[in-house]
Structures are given as C-alpha cells and as structure tokens.
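Note that chain A is present in both complexes that follow, paired respectively with chain B and with chain C.
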Partner chain A sequence: MRWTVLRRCVISCALLMLVLPAAARTRPHYGGTLRVEIAGDPWQRPDGLARRLVFDGLTAIGTDGAVKPALAVEWSADDDDHRWQFRLRPGVHFQDGTPLTSVNAAAALNAACPSNCPWTAVRAVGSAVVFVGDAPMPALPALLADDAFRLALTINAEGKTPEGSVGTGPFQVAGFNNSVLTLTANENCWQGRPFVDSVELRVHRAVRDQWLDLSVGRADMVEVSAEMTRQAQQQRLNVIAQPDATLLALQVNDSGPLANPILRTALAEAIDRSALANVIFQKQGEPVAGLLPQRVSGYAFLFPVERDLNRAHELRGGLSLPPLTMSAESGDAAMQLAAQRIALDLHEAGFTVQMVAGNELRTNLTLRRFMLEGGAPGAMLETVLRAANEQPAVIGDGPADLYQAEHEALERHTLIPLLDLPRAYAVGARVRDLRLNADGEPDIANASLEDAP
Partner chain B sequence: MAMRLKGWFAAMLVGMLAARAAAAAGPWDAPAAALTAQIAGQMGPGQAQLMLRNLSSIANGDLPAIRRLLIQDLKVHGITVSGAESANTVRITLSETAHERLWVSEVVQGNETQVAMVRTILDAQHSAPAAAGLVLRRQQIFISHEPVLAAAELPDSLILVGPEQIAIEQRTTTGWQTIKSIPIGQRRPLPRDPRGVIVADTAHFDARVAGMQCTGSFLGAWAIACHESDDPWPLVVRVSGVTLSAFYNGARNSFTGVVTPSIGIDLPAFYDAALLPRPAGNAALLVGGIDGKAQIAESGALKDVSGARDWGSDFAAIDSGCGMGVQVVASGSGAAANDSLRAYELPALEAVPASTPLTVNGTVMALSSAPDAKSVYAIVHDADDMYEVDRVTALCN
Partner chain C sequence: MSLRQKLLLLFSLTVAAAVAAVAWTVLVRIRQVFEQRDQEETALFVNQFQREFQHRSADVVAAIDRLAASEHMRAAAFAIAQSGDTSPYLTEAQAMAQDAQLDFLEIVGPDGKVVSSAQWPARFGYPEPAAVRAGQAAFLKSEDLPDGTTALGLFAVRTVRGAEPAVTLVGGERLDAAFLSDLPVAPGMTVALYSDPSAANGASATLFDAQHLVGTAGAVTGASRYQPLIDAARKSGQQTSAILYLTDRREESVNATAIPLKNDSGALPAVLIVSLSRGGMVEAQQHIRAIAYGVASGGILLAIVLSLWIAARVSRPIEELARAAEAVAEGDWETHVPERGRDEVSVLARSFNHMTGQLAAQREQLVQTERVAAWRELARRLAHELKNPLFPLQLTVENLARARALPEAEFEEVFRESTATLGAEIANLKTIIGRFSDFSKMPKPQLERVDAKDAIERVRALYEPTASKEAGAIHFAMDMADEPMPMYADPELLHRALSNLVLNAMDAMPEGGVLTLSAHSHSGQIEMRVADTGEGLTPEECERLFTPYYTTKQHGTGLGLAIVQSVVTDHGGTIAVESREGGGAAFILTLPRVQE
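Right, the complex of A and B next:
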C-alpha cells in the first residue's frame, strides 16, 4: 500500500514537472500558423479540440481549478439552488457578428443539452439566462464550464440557422480541405485576439504519422497517448502532460446477469489494476478505485486498489452465469488490449467474458474513458456520473459530504474506476507558452510561435 | 455525584485547553483539535491504537510533534492511545489536494469503519533570500486578485492601472483602502497580453491602456477622466525634462517603433525602453525589440547590446548610486516556474550582471522606474492568480 502511494506521488510529481506553467518571461509574438494533428474528430462531443477553439461556455475553469466568469459575468442562486440566474457579458458577438443575447444563449444551451441535463429548464429572462431545476443544483456554475455546454449559435441575427459552426471563441472556421480544418483568429474575440493568426488542424491522422510530421517540422503539436508517453520522452520529444486528466473505468450494466450488486462487487475485486497500469499503459496510468483523483479529493487512498481474487470468488459464490459481453468504447489498440486484460482477470474469478465490438447499452461491461473536468471536486464528480448516465446525488460543500456522495456512487458498483490516465502532447521547438488546462486540453489561444513574422 | 464528576471533567477540559492555548499555537493545533473532536464523536471515550501516515507535503520531521498533539487532544476527549492489543484503531492520514490540506481519520471498530475529515489551508511558499553582491531587495507594497498592469506610488497612496479600471488606494493603519475606482470604459476587446503605463506626481497622473487614456488631477480629491485615444504613450523622461513618448499598437502588445519627439533614429518595434544617463550629460535609449534583441540608440546610431540573451521582455533603469551609478533591472528569460529580476550594468555595449538574480513569486508582467529612479516597480502575477506590486531597490555591497 505504502509503495503504491509513494509510486503514485513519484509519477504525479514527474508528470506535474512536465506541466508546470512556464511563465511568459518574454512577451508572446503575434502571427503565424500553428499546425496541429489529432487522431480523432475535432468536433467530437464533449472534448473535440475545435469545439474548444470556436465555442465558449457561460463559465470556465481557471488554471487553479476555480470557476471563473466567461460569457456570463455574474450569477446568483435562489430557491435553495433550484433556480440560477446568469448575467451575460455585454458587448460579446458571435463570429458572424450576431450579438450574444439571452435568447440565443438559451437556445444554444437547449441545443447543447436535449436530455439528461443538470437542469430541468433553461430560458431567457430579460438579459439573463435562467436555469430551473427540480432538484437543487449547487454545482451548476462549475458544471456549465463543461465542454458539453459550450454555446454554438443556433439562430443568427436574421432569425436563420447559421451555416457551419459559429461561436464566440478565439478562432473561427475558415474551411475544411484535404482533412485539414483551418481556423483563423477571431479579431473581435471578447478575450482578445489569439496570438497566432491561424490554426491548421489535420484530423484523423494516425499517431505514428503525427510524430513523423513533428520530427520533420510539418506539425507543431501532436498527440501522445498515455501508453506512449515514455517512448516520446525517450525520443526526446518535448512532451507536455497533465496527470490524471482522464479516468479509465468499467461501466457495468446493472440489468440482466449483473443485476445482483454482489456480483458487481466481485467484478471490482477481480480486476488487477496494477497490471493494467504497468503492462498496457506502460506505467503511465495510476491505479485508482475512486472516481476523483487524489489531487482533487485528497481522500482517494480510502478506496483500496488492490485485487482480492479470493474475495471475488467468495462473492461470486459458485454461481453459474451466462457469458458476459464486454466492449471498449474506443477502438484504439490500448483500450482493446486493456479490455482483453480485464477479461482475463475476470476469467480467473470465474466469469466468462466475450469481447464484442458493440454498443455500450447492449453489452454487460463497457470500458470507457471519462474526462476529469469541472474544476471543483463536486462538479467533477457530477460530470463523471452524468457522463456515465448515473443520476448524481446533491453534493454538499465539505470534503466529508463529497466523500459520502462518491462512496455511495461506488457502492452501486455500476462504475468501477480503474486508472487515472494522463493527457499529453508533444510540441515543436517554435511553439511558445503552450500550456494544458486542468483537464489536459491545450490552451492554444494563449500559445504563440517563436518565428512569427 | 454524576453532576460533580461532569463538573470536574469540564473544569479539567477547560484547564487543559487553557494550557494548550497558553502555549504558542502551532500550525497543526487547529486541524488536530477539530479532527480529534470528530473522532471522539464517532467512537466515544475508550482506548485505541493510533496509526499516523503522511501523504502530504508536511515534512516527516514534523510528524512526531503532530502525533504528540493528536495523542494529547484525543486524551482531552477521553480516548487513550494504546498498543496493538486494542480492539479499536484510529488511522489518521495527513493528505492534501492541489489547494488544501486534508486530514482524514478512519475509526475502525470491529467490522465498522467511520471516516472523518478536516481541511486546512496549504502554507504559503517562501522564496529564497537574495544572495550577496549588488543586492536587489524586493518589498511587496500591494497585492490583489484584480489584475494590475501598472502602478504609481505617491506618498500616501497608490494609483493602480488595471485592464478595465483605475483605482486609487489610500494607505491606512490597517493596510490599503480603495478610495476611488472608475471603469476605463473600453469599447474594444482587450488584447490577450494587456499592458499599461502610468506617469504620476502628487497632483496629476497620465495612464494608458490599449486605445484609452485616463488622466487624473488632485484638488482635495482625485478627479479622473478616461477617453479613447491613440496618442503615443509616455515612456521615459529625458534628461532635459522632455517626456519621450512612443506609439503603442493597441491590437498587439508592443510599441511600433515610432517615438515622439523624434530621436533621429529609426527604431524597431519594441516591448520596452529605458533611458540611460551618460556621464557626459547626454543619454542613451535602451530598447528591447520584439525580435528579442536589446539595442542602444545613441549618437545617431542603433547598436546591438551583447550579453542580454537572458533578458525577458521587461526592464527598467535604476539609479542605485552603486558601481557605475545606473543599472538596468531586467526580468529573466528562463523557463523556471518563478521569474527573477537581475541588475545589469552596460559599460559599453555589453550587459554585465551586477547582482545575483532575485526570485519573485510568479511572472513579471511589467517593470517601471520610480520617479526618483532610486527603485523600480515590478508587477508580478503569481500562481494563485494574485497580482503583486513590488518595490525593488538595489543595495550597494
């Protein structure tokens, strides 16, 4: 146990060293084109990179993890947190010139969240956006910083649906050609024009090809998956990383053969998290049994991570079950390998697991990645539970309340936390002041280029 | 009898707490007292084995003292710490998050475990003292959550230029008190690296931020007015008393290179400039170009300064009276978490370090010379998103 904790500290410290904000000692230059390559879809919900660059939320999470104003400048709650009112920042325009109003903000939020929202209704009341909930919403300001709730214009000033994606963010869409999404600086961005003139986002690019492009100077920022972080460092790539930015967890369907909570507990006891971290993720993942990372909650050590195969057998009690189906949410190799490794662990505990390439709703077990965003611990917990389609309890302010809420969520054993994984990028020599936000997303708007004209 | 026992116990409790209070309160007293009170509420009086572990940044050398404190506080609540033979175990973990300390207890009684927690603030980080040599000394004169771009210190007040407001702070016996604050009222979005300047005396000030000018005059109280302006920003007061001004690119973060009155030399676009008096009575203008070069404009020519590659984008002249008399205090260009300031002398066209680096608690956002040039003001943005105004002076050694 002690070694686990020590190892955790060493890895976290090492990754934190990579992400320490480099102070802007020499002022950033304006101009140039930043070339970014990614393996996925830039518009993918919730964390597609283009969404971050084009859209803003009502609130944002600062580098210190605190909620800060964004498109809303102030907010207040009444009716015991059942009703929230957000006052919009004056003078903000969408990239097509449409002014930001409470009407188009409410319409954008309704479009962003058609169901399972943290609120029951959102509407424009005068110049404010008002949220009403059947349950109290104490963490709403932090939840609204979530990428899922960024505002995309749905009705422009002429009452028409705009063509393409229009937001208030630092970059606007200029075109998409040959797998390259071109974004140009929004000169009138309410946060100030970004330093670079444009971003070229090459999408659906294999990671190996990304690294090659970086090495020959064809790319400025590329992705580094958790399991490849060590390799990237060995190749002397300039890696920036945010530790515990994503949570790898096994989502358990509590209907069908796993309706019995004791069987779900047995699953949780049977998984060897250390083997997953050491073998599949090349010692870059951190075994966890809690939903919130230690740096956020401070009490993650209370949830033991050690495998207990004897207890798993004991809990299963010799029951004969039909084969369980399991899928990995993402098709990438590491996720597939991790799922196969888990299937082996469960087999040792007497469960038969069949790997399927299927929809999570149809399988008994789904291996998923959850973004650890939301800044404040309560909001982060609520975000993870919502992403898992679980109804979060109302979480109080103190650490004991938070622990209680997390403990209750884990007791259901419908979401079994496995590893906290870092989020990392490799950047070229001409990129300056590129930092990662608390959730591991790069802050491209505040980056600049050394050789900008 | 029961009442008398209760009274005796209460008296003893008060006595012990008073004795604790009489001793100097340490940083661990409050969390230890709060946590042991919760533990007592969970397990009641009795015996328990105490296990203590440290997952926080607290030095291991502090653990024996914390353990003694916990034992003492548990005893106050009627819990005696015993050996491994006890049926009850109290596990206390000293933990922390990125923002606060968290002390967690687990009270294990049979198969049941009860958890309690208390949180407390993380200690402030201390910066290393300045080393010997020409010594730079830093004195924090103001700190705020509100962004500060420039500051001017007057005898009993401080004028702060923020991106969106001008504030006048009055010195009181308990600290600074805002006596006036007015919005600058920009219509254009602020740039991402906003900058500002202020020149002030006891009766007037002239402050600039991108696209705006604010002037103040003191007639018993400060009257401040702001308006849109693309006029050049006051940069430095020349030896003759004439203010040298420079056009600022309000959509960027640098000066265009055009100065007024003209000095007869085409300057490159630059981030900062400082006037260096020469023994002959004339002066040279030091500019830090956006290309990273430091250059001196003097006698109709612009010449590169060597030895300035460690400089950041901000510098200011200081008339310390030490060594050559005038030095340049420059921010560093390194990649450490905290910025540093260092004094340099420029005997010819070479920057020669004249002091050891002085570490500051964050990033230097701006440097400006005080009106008497005996010190410089540094605006520092720290990791907690606080803005400091520091007065930096140079001591001869």
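Right, the complex of A and C next:
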C-alpha cells in the first residue's frame, strides 16, 4: 500500500516536473537575434519582408482577416464613400524620432502611390489624413492595409530627407553587410517592443542553402516555396503555411494578336490547371478560375476550372496567329516550368508560344503571382486588379456586388486565374509563437526565441 | 628565218616537248598514286569512325541499362507503380540525365505517359510512343524541344526491372556539335552531321537545308558544297564518297564520305559526313609539281643553250660558206672558208675553196687571154690605123723621089702636093696617136651637182645644128621629165660620154633619121637614153661593144664606147644597150640621183 502511495507520489512528481517547463514555455522571452533567410529582395514587393518589419500602414489586417486600426485609430466616410478621413494615432514617432503627423503621413502616401491610386487626392487636415476620390471608395480602409501603402518617412523633423529607410514599425534598420540586413528592435514602437532584439535578414539566398542553414542551426526561419512544401514536410522540417495566400495567374496583353476577347477565352479554356497544381506545384496549389479564394469569396466554385480543349479549338476557329510571346514574372524554376507547361497546353490548342526572358509588359502573356492581401474580399479583389494594372470597378458591399465585379473582371480574360498557392516558411526549433498573417506574411514582431536570455 | 634560228627552234621544241611529256606523265602518275593512297586512308578512317559511332550507340544503351538497373530508379518505379502518384518525380529525369551525362532522358509511366522529362520538363503527362521499343538496340529518333526546335538523338529504351506495371526509361544522346566533338578524329579529319528530324518520324525527306548541317564548331562553312554528296547518300541510302572543293583553291578540298544513318524503320534521318582534308596531299603534289616545273624549266633552258651551241656549231660553217659565196658573187674570188673536221660540211668547205681556187686560176687565165687578145686587137688596130696613112706616105715619098727627074716646075708642083699630102697624113697619124693617148689618160672625175636635163641639152645644142644641115638630115627628139634630176658628176666627162654616144648614133644613121635624147628619174636613179633609128646591132656586137678597140665602123678606133663605159663606171653608174637588128639601138646610162 505504502509502495503504491510512494509510487503515486513519484509519478506525480515526475509529471509535475514535466508540466513546469511546459508552463514556462508559455511565457515568451525578450532578446536574441532571429536569423531569417530569403531568396528575394527584402524591400521589393510583393515579398519584401523588411517592409513589414520597418513600416506600418494606417490600417492592418488581423489574423482573422478583419481590418483593424494601425497608425490610424479611427476613420469615417462622407459623401457616399467619396471622402475618407483617418485620424492618426497620437504620440507615434518614426524610428529617427520624427513625430508622425498628418503632413508627413500624407507625404508618405503620395510617395508610396504616385499613380493609379485608389484615391484621387490625399492631404493633411489637422491631425487627420483625408482621402478624396472621384469614385466611391468603400474598401479604402482595407486597401490601406496593403503592403504598398505603408508609410516611409520622406522628410524628417529637420526638413531633410532621411538616410535609409525609416518607418514606425517594430524594427529599424541597423545596417547591411555581406548580404545580411540587420534590423534592431524599435524600443519606442507604438505597438510595443518586439520580443527579439534584432533580426538578421540574409537576402538572395538559394532555397537549398536556406534549408541547409536551417538544418545545421545557422538560420531560424527560411522560405519554403509551394512546390517544395511537400518535400520539406518529408524532410520533417517545421513548416508553417498559409493556404491561398498567392494567386498564380496568366496576365494577357489585350493589344496586338490577342485583342480579340474570344481568343483570350480560348487561352483560358486551353490551360490544364490540374497538371500545374498536381505535378509542378506538387499538389500544394488549388486550381482556381476566380480571382478570390473560395474561403474569401464563397463562390469561387462557380467558375469552372476544368480544361476544355475542344472548346478552345472552337473558339480559336482555325485562326492562324503569329507566335505569342510569354514570360514568367519570377525567374524561379517552378514559375518557368509552369510557363513552359502553359505554352505546351496552348500549343495543343493551336497557339504557338515562344518563351522569352524579357520585359513582361512587352510579351503577350505573362505568368504572375499576386499577393492576396487586403482582408476584405472587395479590397483583396481591388488589390489584385490594381496589381494587374487594371482599373477596378466600384465594388459594393454585398456578395452579389462582389461576384458581379469579379465576373466582369474575368470576362475580360486579361487575367486568367490558375492556382491559389500557399505561402510557407520552415522555422527552427528555438523559434516560438511565429504565426503567419492572413496574407501569409510571418508576424515576426510577436515571435520570440526559446534560448533568449 | 636563218638556218641557225630554224635549228634553234627545232631543237628547243623537240626538247621542250620531250620534257613536257615526261613531266606530265610523272605528275599524272604521282597524282594517281596520291589519290589512291588518300582514298585508302579515308576508307580506313571512315571504318574506324563507324566503329566508334557504334561504340557510342553501345554506350547509350549501357547508360540506360545502368539507370534502369539502379536501386534508386527501381525504388522510384516501384513507388510509381504502387501509388500511381508521379508528381514527386517531376524533376527526377533531369538529375539522372545529368549524372549519366545524357542529353535526353524521360521516365515513362505504366500508362505510357511521361512522368519526368529531362529535355522538356513541362512535357509530363504526355504520351511517349518510343516507350514500346524497350529492349531494342539504339536507334535514331527526333525529339521536340521546348524552344520549338527538333533535335535528333541516338536513343535507347529500357524497362526498369522489378516494377509491375512497367516503368520505362527513354534516353539518349543528342547528335549535335557536342556529340561530334566528342568523337575521336584523326588529324585533318572533320566530321559533320546533316540531320533531317522530320525523316526520323517517317515523314518524307525534305529538301537540303544548309542549316541542318552542323560540325564540331556549330554551323559548317560552305555547307552548300556538301549538298550533292548528301543528296546522293540520302537518295541511294548507301555510303557515298566524293572529293569536294570547299573553295576555289585545290588545297581546300576534302575527301568526303557520307554515311547514311538509318533508323529501324528504314528512314534516313541523318547523314554523317566524314571529311579528310586533302590539303597535305595537294600541297605535296604542288611541291612535287613545282620541283618538276623547275627541273623541266631548267632542262628546257639548258636545252635551249645547248641548242644555241649546237645550232651555232652546225650552222657556222654553212654561214661561212654562204658569206664566202656572197663574196665570190661580189667578185672577191680570193675568199676562203676554214676547213674543220672531216664531216660533210668540211668536205663542202674544201670543195668550195677548191672551186674558188679554180675560178681564180681560170679568171687569171682568162685575164691573160683577154689581155693577149686585147694587145693583139690593139696591134691589129694600130697596124690597121697606121697602115692607112703610111700607104699614102709611101706613095707620096716614092712620087717625090720619082719627081726629081722631072723639070723644076713640075717637080715644084709635085713637091708641094707631096708635102701637103705628107703633112695631112702625118696629122692623121698624130690624131690616131692622140686618141690612144687620151684613152690611156682618163682623168679622175671632179664631181659637182649637175642636172641631167642640162647635160643632155648641152649635147643637143652642140650637135643638132650641124646634123640637121647635112645631106642626110638627122632630127633630134627630146623626151625629158619635168622634174629636176640632180646628180653628182664631172660635167666635162659626162659631156664627153654623151657626145661619144651622140656621134655614134649620128654615124649609125648616114641616111638620116631620128636621134632621141631622153632623161627620166625613178627608184633613186637617173636614166639617160640616147637612141637612134639606124640599122641596129646584132647580139654578138652588143656583147663586145664595150670591149676596148672593138668597133663596127670602118674608121673607128674602138675606144669611144670604152671611154663612155669608163666614165660611167667612175661615176658609180652603169651603161646598157638595147637593140635589135634593123630596129635601131639605144644606149642607157644609169647614174645615182642626189638624195634630198
């Protein structure tokens, strides 16, 4: 009996010893350097990770996809959404100490969007920033959460142009040396100090090398492309992914040989999306024919994704076209292979396609990736269309209006949706609480390190 | 053309023809031998090359065999066969092809569709008809590429062991410049490949396209020069050889062999061209030819020199004989030619010398004979001339002697008559002696510019008045050219000669007649003619007419025409007579005209 009690006590103690560290893990530690490796440029959209860390927008998208205040604490619309007024968060300072004012906020927005903006004019009125549009702008708060409209200081308190990139984000630029961009924690960040002291962002690193660095402990977070997600999982890497974060689409130049919309329709019918998703992107992509993901719009299933080669032939009508040129926006292997596969599909439909490595605007077809940002469906649709250099129509609030707007955009067949692709990262064992936002970007500011002091 | 030149030309042509014939024969033979050796060498290299090509085919088969037997591929094939999920192996073929150093590799699933393609990764899911040829030997196949082109390759197909249903590997090596450059070639050898990918898949052969011909360095320069050979090989399907001139220079020619590469269906998708440069052979030929030409030229030059020497040696005695003959013809009878050796020419020279010696002796005899005859004629003439006045002198002296017996008065009369006769006959004797004396004392002519017309006019003016008044009147006719006829002559001697001719003509016409004086100029000569209408001369008289002391007249001394001839000869001219019996006679003086 005593032995039984004793055994129970020992077991209880052992369980307690196991539970205590687990409880300790729930409290994030401050400090440490998070080592991140990426293949692209840290500042370049749409994958510019440093932009998210250094700059903030007037609004932000929460993990639930809803618009939430950021540098603006409240906003209101007048004149049937033609005029929006955003009141700035008080007491916010840029990383060099320059206070955030409506004047430098308006200047930053004008610098961020010199043309083709959702608004007609933006100006400072008192402590507020006022947007005026010729057309109604119902989705403006969600649009302002877009990565493109984050505020970078243009003129500091001394009236001079600041050296380097200065924002209000959780990290500030400390230096760039040997392909490593060092960001240090912004102690005075309006959101509060991030957990890690600094982030070392190694740029232009090949994915294979990133994985190697992660496996040997030289990196804490590395990129995992969609087509390699499966392989990463097979290698037992800790992969965090956000599905439907990227739209793979074929942008069609509607001038020149493809000015006829029927021919563009034939192109859309000729492409075998399942081959792209199942083979090239290793079953990580979702074939789509709509611009918005099913989880966002709820009606994406209405757009058929199956290939109809016979209809493509019928639509082409035996018309002999000059060779079409096609390029892939990104030079990575999967994009190139996808472009080649699309060229092969189109060849079956009677189109001759030549792959070129040139300016995408000069080619008839361009395979592109679009970040699905914006949170709200309307804003996300508008963001995609603007990224495709198309002028979006005014999108109403209701699902019917959204469907109508997307249907009209798809009917033009200047942007043929192909796949929704995930964004994924592999993280090391010492990284804690790293999550991805709705657009697939990692929330580094809220991540911490296991072995931080 | 002289004899020496003829001999030289004959000898030179003979030697040159002989040398040329020998050189041509040697060069042709050398060329035949070289080309035979070249063809044999080319055939040897082509055989070696064909064996190497077969080795490469075997290498491709072996590489595919190794891949199909590898554990990695067998595991993949098993997984594909079991799960049917081919997506994890999308890039498998690229890595395997890289490891095996293959240009083409496709993994074909059990459904005959491409699982992974090294050459066209995007082609997954498409059927690969060649998969059914698993186990066969290497074959030629055209392969579509992503850039829209088609490449020809040497393929093999093998089934991966152990997987059911079967997974196959279709792989090969591209027949391109890199493939050719890997083949071992002999020095001077080049290889090129003409590919017609459309023919590999059973389509009919297309027309020759120079862009389809590639060498180890890519495009082949002057590809069109290979067209006849390639077309012949494609048409016949047999190995074909020919000499191709890549440029207009002979040394840039090749001995090319076109080897048709057939696939198992009998189609002819490619022609392999093995070319062996003829540059070395042509250069050797040219070197030999240059030497032959040099030797031939030297031989011909030496032959010409020898011909010159021989021609000179042969022709010199004949030329000396010719010159000697000309000298003899000009009157130099003392000419001799050297007598060398004992050949026919020396015999001829001796005969010539003997002949000239005989001629000179005979001439001397003739001169002596003529001289004796002349003296006899002179003696006869002197005797005849002197006998005529001596007979009256004798009669007069005898009359005078007989007259001493006559009375004084008669004697005085006879004496006066006799002394008158004696004086007349003695004067006659003086005249005769003066003529002979004048002939012996012909002066040397004092030349000056004289016009022939003036000389003839002077003679006419002297004799026409007297002749026209005599009983037998002689009419003078003049036939003169209008142009001046200058010449260098002694006026007095010329006048004397013309006077003698005019007096002879007047003597020839005792019954009267027409005496024609004429002067004309032609061919740089002045011809003065004195013609009469007398009885004329016989041919025999004409022959002896200019012999001194020969005369046809009763009282002539025979010195008149001799004097005329002497004067004409001293002036560098000639005298001739034209006459026929009963038709008058004409004496023609020809003297050189002053050249202006």
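Heads up, the rule we're going with is that the second predicted complex is superposed on the first by the 426 of 453 C-alpha atoms of A that agree within 3 Å, B and C clash if a C-alpha of one lies under 4 Å from a C-alpha of the other, contacts with A are read in each partner's own complex, and residues count from 1 in each chain.
Please note the rule applied: a residue touches a chain if its C-beta (ideal position, glycine included) is under 8 Å from a C-beta of that chain, and two chains touch if they have at least 3 such contacts.
Just so it is clear, the structure is predicted and the values come from calculations on it, not from any experiment.
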Partner chain in contact with A:355 - chain B first, chain C second, else both or neither: second
Which superposed partner A:247 touches (first chain B, second chain C, both, neither): neither
Partner chain(s) touched by A:341 [first = chain B, second = chain C, both, neither]: second
First (chain B), second (chain C), both or neither touched by A:275: second
Partner chain in contact with A:28 - chain B first, chain C second, else both or neither: first
Touched partner set for A:283, first chain B, second chain C, both or neither: second
Chain A residues touched - chain C or chain B, whichever exceeds: B
Partner chain(s) touched by A:230 [first = chain B, second = chain C, both, neither]: second
Shared contact residues on chain A - chain B and chain C: none
Chain A residues within the chain B interface of the complex: 2, 5, 9, 20-30, 62-65, 91, 187-195, 294-299, 301-302, 377, 398-400, 403, 445-446
Footprint of chain C on chain A - complex, ascending: 230-231, 272, 275, 278-280, 282-283, 337-338, 340-341, 343-344, 352, 354-355
Contact footprint of chain A on chain C as seen in their complex: 86-88, 90, 120-126, 146-148
Residues on chain B engaged by chain A in the complex (per definition of touch): 53, 55, 93, 95-102, 104, 106, 115-117, 119, 187, 189-194, 251-254, 271, 290, 292, 312-313, 331-339, 362-364, 383-385
